[in-house]
Amino acid sequence: MPSFSLSNLYLNSHLKVVYFFLYMPIIVLMVLSFNKAGLPTVWSGFSVEWYGKLLDNESILNAAWNTLIVAVISTILSSILGTLLALGIERMKVNSGLDALLFAPMIIPDIVLAIALLSFFTMLDFTLGLHSIVLSHVVFNIAFVCAVVRTRLKNFDYSVIEASEDLGAGSFTTFRRVTLPIIFPGVLAGSLLAFTLSVDEFIIAFFTAGAGSSSTTLPMQIYSMIRFGVTPEINAMATIVMLVSFTMVFLSQRINKGITQ
Amino acid sequence: MKLLKSLGATALMLSASFSAQTTWADKLVISNWDGYMPADMVERFKKETGIDAEVALHATNEEIMGKVVASKGKGYDVLFVSSPFVEVLNKLDLIAKLDHKLIPNTKNLYSQANELNYDKGNKVSMPYAWGTTGLCYRADLMDEPTSWNDLLKPNDALKGKVTMLSTDRWLMAAGFLSLGYSVNSTNPSEIAEAKQVLKSAKKSILAYDDATFYAKLVSGEATMTHAWDGWCNYGTAENPNIKYVIPKEGTDMYVDSMVITKNSKMKKEAHAFINYVLSKEIGVWIVNNVMYKTPNEAAMSSIDPAMMKAYPNLAMSPDEILKQEQLRDLGKTQKAYTKAVTEILASN
Amino acid sequence: MRSSSRNMLLIAPGLGWLALFMVIPCVLIFMLSFFERGMYGGVDYNFNLENFVRAMDPIYLGILLDSIYIAGTATIVAILLAYPAAYAISLSPRKKQTTYLFFIMLPFWSNYLIRTYAWIVLLNREGLINNGLESIGVISEPLNLLYNEFAVITGLVYNYLPFVVLAIYSSISKLNPEVREASEDLGAPAWKTFLRVTLPLTAPGVAAGAVFVFVLSIGNFITPDLLGGGRLQMVGNLIYDQFLSARDWPFGATLSFILIGIMMMLLFAQAVIVNRGQIEKHEAKEEDVSSMNFSRQSLNEKEKSYA
């Protein structure tokens, strides 16, 4: 059928355009990061100077390390809490109050949550630091993990669990052997989303961070760099951040394949 | 259940270990704008005084104000903020009275720097840098601008090639000055008039830009920008055709100051830091590095004349600067300013 | 009974966390809505409703409408780009689908600020696109591509597109190909099959993607700030400015409260669409005679209503 192949042709070229749209800006930044002049417009020769400058910058490395700590811990906590929440809720009757509570962290403007948490922590005389960023990031991450895991649970067959328990397996064994493998792709997707959101977030982080460089995170640094001028170090930073996150996603994809197969 | 318990325990342990890490460190925390002091100044301060210190960064006055108001300033010792915010922090009782005995280097300041109207006698703040707001432009691409109207009603060649500051006080100031009003006006009809002028100016503006305007001049994206004098020098450094001028209607003067939070647990060390900044030697280093004028007479008088020649606005005398009106906090009228600015930025 | 108490145990830690670190702090802030900004930016605790009256000012309504327009346009563009892409992926060989999806999602995992910054480099007057077009002689004067609605919408679409593709793909891939084939066997042209069968059945995925883009776009303030050059005000900027520039927490709280109310309504509307999709699917399963019956029936019904 000619119309069929014509629509196929369209679909395939559309897909290519989408890939082009997604990757062109990234590739441009990566190429520019090796530009000697540092100006984004003129190519003046290959250089890794900007990477050297970046790696010499102790505060950036420190911030990157802080970001990683915050993102990893908040991802672990929110993946566990969010998954449990999803498991509990999916087996309960529809409750719109509960749904609203779970939507809320996704839609409260960042600045509101930021100011609210800082005032709250101050009221309790709670010492701020990286840990207070973790506590705050878990709030919105729980909601996103829970939402992603719930979509996975939509097609879940609960009779499998009953069967397992009828056969005498304890709840924990059932969870580990039956439930977890089934929902694992959802949990993984949710935790990747949580990780990304935590690595990107900086308004809540700025407000709930302790004062001083010991709790400065990378997005705060990047925001300040972008605001204060177009320096080629941003391109180098972009390239590194992207390579690191790409490697991580790639590895987690591998792990996922290993587990589900 | 076991899982939950161990989870809770882990969370607590992690929290505890982090807080231990932060409370344990008895460091002086200084918050400043990124790039507004020599990058290794705090390192040098640590070495020379033996006081442990670290730097936090804020992108805007508003950001640090939000954080300090919500946290009562806990955790911070020294803050760099612009003069109207000194007034607010003082009224909100968040900053400490300064002990001048601990800052002998105040002797290095111009006498005029002791008479700034937002804090006469520098009771709660010490001026760090000062200057004026005006027009920063490409002398090779246009004639010298003379009036605020050259920015607000640019000729056809300049349309879409000018930028303005977006921070509410300075944006409104351009409107007020073009009409001959005070930059601290609280008169509703004057505010409305300024709003109208700025609304129509928006049509010919490329962008509102507080921080990268000089880069836009260098790249050629913009031909004229609304700018702080010191920051215009960053452009001049890359292209000597970039020049600064104060429009004939006059302008405002800004002062960026250092204050000590009331909740600081290291007030003595904080005073020592301020004293360090005000020394002659460090003062010279700051001017050469950040290219802003400072009220440090001892330092300003030993700046290399070649530097003054390359960046003429550095040579402006205190009397010339003080001729301009100083920004004051607006109290309740702030609401009206914010609303006017919202209206301007939202208009088409 | 046992299972319901177990469910409570499952949800207790998560809900406890949200109660402690979201509900309590935010309720404290929202209570400020009923008070007034103090002289120097603190809070005067005299109860009144003035903030809600102020919020009804046409300026704020205008900003809300502008934000809905920008977020809405971004949503529509994202879906128009994402749907055919997701469809193309679902038609490709099974083995390749994961790889294709992987490369759609990849950019999403890099830093948001950096992805936004890339567009400044591309779109500015001296940027790559303008220079490229000039050098091949398409234009003689640089175009104003940056600092306008176009740039903001491009930035929003760029940042959220991967997630939309994923959401739509997961709907399409669940679709039983027999449904489509049945419709085509009955002689329905491909576009009719698409409009009457495929599209309605994939509505939940489209709705999930749309809500994701819309919700994250309308409260966004970084993209309008960086790519809009401050020339555009969205609700996110408005709220940010109330808290920081104006130091008017009570009014900021009021505006956020209203925004959250509006978004909640949208999210519940989406939930209704998704649930309806779910019910249709269940019905399809229950018919059991294979999905062919279902599609034939629904096609007939729709044909009738069309006539």
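Side notes on the structure shown:
As written, the chains take the letters A, B and C, and residue 1 is the first residue of each chain.
By our rule, a residue touches a chain if its C-beta (ideal position, glycine included) is under 8 Å from a C-beta of that chain, and two chains touch if they have at least 3 such contacts.
Only a predicted model underlies this, so the values are computations on that prediction, with no experimental measurement involved.
Farthest from chain A, judged by the mean position of CA atoms in each chain, is B.
Between A-C and B-C, more C-beta contact pairs are found at A-C.
Distance from the chain B centre to the chain C centre is 37 Å, each centre being the mean of its Cα atoms.
In whole angstrom, the spacing between the mean C-alpha positions of chain A and chain C is 17. Each of residues 9, 13, 126, 243-244 in chain C touches at least two other chains. Shared contact sites, meaning residues of chain A that touch two or more other chains, fall at 41, 115, 119, 135, 223, 230. Annotation for chain B: residues 7, 63, 66, 219 touch two or more other chains. Within the complex formed with chain A, the chain B residues making contact are 2-3, 7, 11, 14-15, 18-19, 21-23, 25, 27, 29, 31, 34-35, 54-57, 59, 63, 66-67, 70-72, 74-76, 210-212, 214-215, 219. On chain B, the positions that touch chain C within their shared complex are 1, 4, 7-8, 60, 62-63, 65-66, 69, 88, 91-92, 160, 163, 166-168, 202, 205-209, 219-221, 329, 331-332, 334-335, 337-339, 341-343, 345-346. Chain C meets chain A in the complex at residues 3-4, 6-11, 13-15, 17-18, 21-26, 28-29, 81-82, 84-85, 87-89, 91, 100, 102-115, 117-122, 126-128, 131, 158, 161-162, 165, 170, 174, 189-190, 208, 215, 219, 221-222, 226, 235-236, 239-240, 243-244, 249, 252-253, 256, 259-260, 263-264, 267-268, 271, 278. Every residue of chain A that touches chain B in the complex is listed here, in rising order: 39, 41, 73, 77, 80, 115, 118-119, 121-122, 127-131, 134-135, 172, 206-207, 210-216, 220-221, 223-225, 227-230.
The touching residues of chain A, when paired with chain C in their complex, are 3-4, 7-8, 10-12, 14-15, 18-19, 21-26, 28-29, 32, 40-41, 81-82, 84-85, 87-89, 91-92, 96, 99-113, 115-117, 119-120, 123, 135-136, 138-139, 142-143, 146, 151, 154-155, 171, 192, 196, 199-200, 202, 218-219, 222-223, 226, 230, 234, 237-238, 241-242, 245-246, 248-249, 253.
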